[in-house]
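Multiple structures follow.
One chain, chain A, links the two complexes that follow: it is found with chain B in the first and with chain C in the second.
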Partner chain A sequence: MDFGAMVDYLPLFEQAMWLTLRIGWIGILGSLVIGLVVAMITHYKIPVLYQISLFYIELYRNTPLLIQLFFMYFALPRVLGVGIDAEACGMLGLALLGGAYMAESFRSGLEAVEPIQTESALSLGMTKAQVMRYVVLPQAVSLSVQSFVANIIFLLKETSVFSAISLMDLMFVAKDLIGLYYNTTECLVLLVIFYLIIILPVSILGTVVERKLRYGAFGS
Partner chain B sequence: MADEREIVLRIENLTKSFGDNVVIDGLDLEVRAGEVIVVIGPSGCGKSTLLRCINGLEEIQGGRILLDDQEVDGRSKNIAQIRQKLGMVFQSYDLFPHKTIIENVTLSPIVVQKRPKEEAIAEGEALLERVGLLDKRDDYPRQLSGGQKQRVTIARALAMQPEIMLLDEITAALDPEMVHEVLDVILDLAREGKTMIIVTHEMSFARAVADRVIFLEGGHIVEEGIPELFFTNPKTERAREFLHTFEFTAVRSHTVEE
Partner chain C sequence: MELLGLDVLFKGSNAMRLLQGLGVAVEISIISVVISLVLGMLFGIFMTWKNPVARVISRIYLEIVRIMPQLVLLFIVFFGATRALGLNVSAELSSIIVFSFWGVGEMGDLVRGSLESIPVHQYESAAALGMTKGQIYYHVVIPQAVRRLIPMSINLVTRMIKTTSLILMIGVVEVMKVGQQIIEANRMVSPNAVFGIYGTILLLYFLVCWPISMLARHLEKKWSN
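Then we have the complex of A and B:
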């Protein structure tokens, strides 16, 4: 392996990592917001929005991110007549894909909270909104931490298709360098290392949080 | 001797069914301020359902429930406000697992009644003291025994300063040695003149605490009366049979051998 070349490539990979992190961070935050809103809609079965939400969840969970991004980046501008910036497209694409998964995580958490919790909160005079905010949602979130972490890792991995809409992410840089210098092994090793740098902390943090919730305030 | 105390809860011709299963069938009941009513009856006769209707947790099919002349209706806008006057304690000690004991007790006073935090906490501590659990203030529910949890649940309901307490078999899920500590709290409340509707299978407790006993079966009040008469000399055959199920007859006639 040509370690000298690897050192030379480092700055390019580092730059790409920041791009991935920037898009990933916003995309994940967006996915949590979308997931929460969609989960509330499906939980309360709000008419019309409920059907739309179910359709959205199925659509986004059952199509590849690559195709979702192509649609947003290449097809939508033709229909609407306005282009969308590649980075914004990446963030939105990730948020929409993640939203569908996060919605399912929130939903299963909400369903896992015992109905008696809602009834006791109601009987203490809380409104439905207060019951959700103070009693049900905090428990639902703790119950779904594992699946949130799994989703976040999944989304970070999915960022590897961003190069398809010409975003200079890790994959883009690796492919570019391989095309230029044929240092395939070196580039792929760097690619793996940088993905690990991004994902491992999330994975470890997830385990810590989960354990804390399990042994700390929660569970029996 | 006419009772002069004001009527706080009035149930008129209440009907409640689940599909074809009519659980409460035209029930009338009046509860006066300070009265302790004990509801007994065989399993599945609708005792829990009655309490849940009073609290607006069940949709009713007929009749009405009036609390201080305000109609209790689970779908109405002011139901949350009405429920503040009703302190419900369920059989399963259902504390909020993600909150500490003091947070469990103060959550509703703070977010529902918008009471100042310090005031709510001071009052919460006084209530915990009263149920003998002030030292558990900062623990989480999972660290408490069943009896302790149930005492906190009572404190949590009392923190809303309800007019009426509704207690649904609050010791049924407890180990026998913990039953007493919970029932003592209730006896104390009764002594203070708290209005309560209590569903229980603890007959000696029922006898000690009740001003009036109601025997429910088939969706009706089959018999009601003061505990002294009801437990010693029930008027109806059904009540007699029911009370009999709580007694045991000695198997042997000679228990002491020469």
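Then we have the complex of A and C:
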């Protein structure tokens, strides 16, 4: 292995890592917001929006992110006539994909909270909104932490397809350098190291958070 | 039709070519799924062993599968194997290797989870009734574990099919690549083909994966008690 070359490549990989992190985390935050909103719509079965949400969840859960991005980045602007910035497209694509997965996690958490919790809170004189905010949602969230963490890791892994819409992420840099200098082994080692830097902390943090937030399981 | 670029689909054998491209993706995922199911079962049983060496090995394997993006694994096999071992691995073969490697890990974890979800008292009660070890597994444990396992492994199949879209990035000619070729060829005649073709591909993936996920959900509901 040529360590000199690896040191030379470091800045390029580091820059790409920041791009992946930026798009990844903004996308994940977006997916949590979308997921919560969609889960609320499906929970209260708001007409029209409910059907749209179900369709959205099924569509995004059953198609690959790569094709979704191609569609959003190359196809939609062609017909709508408005272009979209590659980075914004990546964030939006990840948020929409993640939203569908997060909505399912929220929903299974909400379903796991027993009806007696809602009934008791209502009989104490809480309003419907208060019941959701103070009683049901905290338990639902702590029950679905495990699947949130799994989704976050899944979404961070999915960021690897962004090079397809010409974003200069880790995969793009690696492929580019392999093509230029044929230092295949060095580039692949750096690629693995940088993905470990991005995903390993989340994996470890997930285990810790999961242990801390188990109170939901004892609430019932 | 013109506006949405759907007219391109009916020119020549374009629709047929797209379906053939999808066929390549589905074929690769079916081969990988079969390998993952068989080896994954064995790996799952291996993971329930109390042997510390077995635990460390399966732990490391599982973490690699969990943390590394499938695309990175594809790059490692496709670009790295050629370099390190001097083998010329075709793009198709390296995608089958990677998806099987990934699938065996995921499947093994599902098998382990479903075996461990059977409460100890099931084993103990069966033993108290005088069943032999083989009988306990055959009549008590496996029927229950399989009911938990099947819906989850069907979901794994849809994930496998969705992940095959990545093989575009190492140059396998599958549905996306065919789509790009069609779009390039018709750039002048119907510039909106990009919408029609990518829209069709999105729909094709949906039509393949959606019924499979519905089946998984149906079985999960049916067997949940």
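A few remarks follow.
In this text, the second predicted complex is superposed on the first by the 214 of 220 C-alpha atoms of A that agree within 3 Å, B and C clash if a C-alpha of one lies under 4 Å from a C-alpha of the other, contacts with A are read in each partner's own complex, and residues count from 1 in each chain.
Following the convention adopted for this analysis, a contact is a pair of C-beta atoms (placed from the backbone, for glycine too) under 8 Å apart; a residue touches a chain by one contact, two chains touch by 3 or more.
In this text, all values refer to a predicted model and were calculated from it rather than measured experimentally.
Touched residues of chain A, counted separately for chain B and chain C, are more numerous for C. Legend: residue contacts after superposition of the two complexes on their common chain; A:Ser142 is shown touching chain B, with no touch to chain C. Of the two partner chains placed by the overlay, neither chain B nor chain C lies in contact with A:Asp2.
In the superposition on chain A, contact of A:Tyr134 is made with chain B only, not with chain C.
When both complexes are overlaid on chain A, the residue A:Glu114 reaches chain B alone and has no touch with chain C. By the document's definition of touching, of the two partners only chain B reaches A:Leu124; chain C does not. Within the superposed three-chain model, A:Leu200 lies in touch with chain C and out of touch with chain B [touch as defined at top]. In the superposition on chain A, A:Phe71 makes contact with chain C only, while chain B stays out of contact range. In the superposed model, A:Ala164 lies in contact with chain C only, and not with chain B.
Of all residues in chain A, those touching chain B in their complex are 114, 116-117, 119-127, 130, 134-135, 138-139, 142, 217-220.
Per the touch definition, chain A reaches chain C in the complex via residues 58-59, 61-64, 66-68, 70-71, 74-76, 78-79, 153, 157-161, 163-164, 171, 174-175, 178, 184-185, 188, 191-192, 195-196, 199-200, 203. Interface of chain B with chain A (complex): residues 55, 57, 80-81, 83-84, 86-88, 90, 92, 94, 96-98, 107-108, 111-113, 140, 142, 153, 156-157, 160. Residues of chain C that touch chain A in their complex: 3-5, 63, 66-72, 75-76, 79-80, 82-84, 158, 162-163, 165-166, 168-169, 176, 191-192, 194-195, 197-199, 201-202, 205-206, 209-210, 213.
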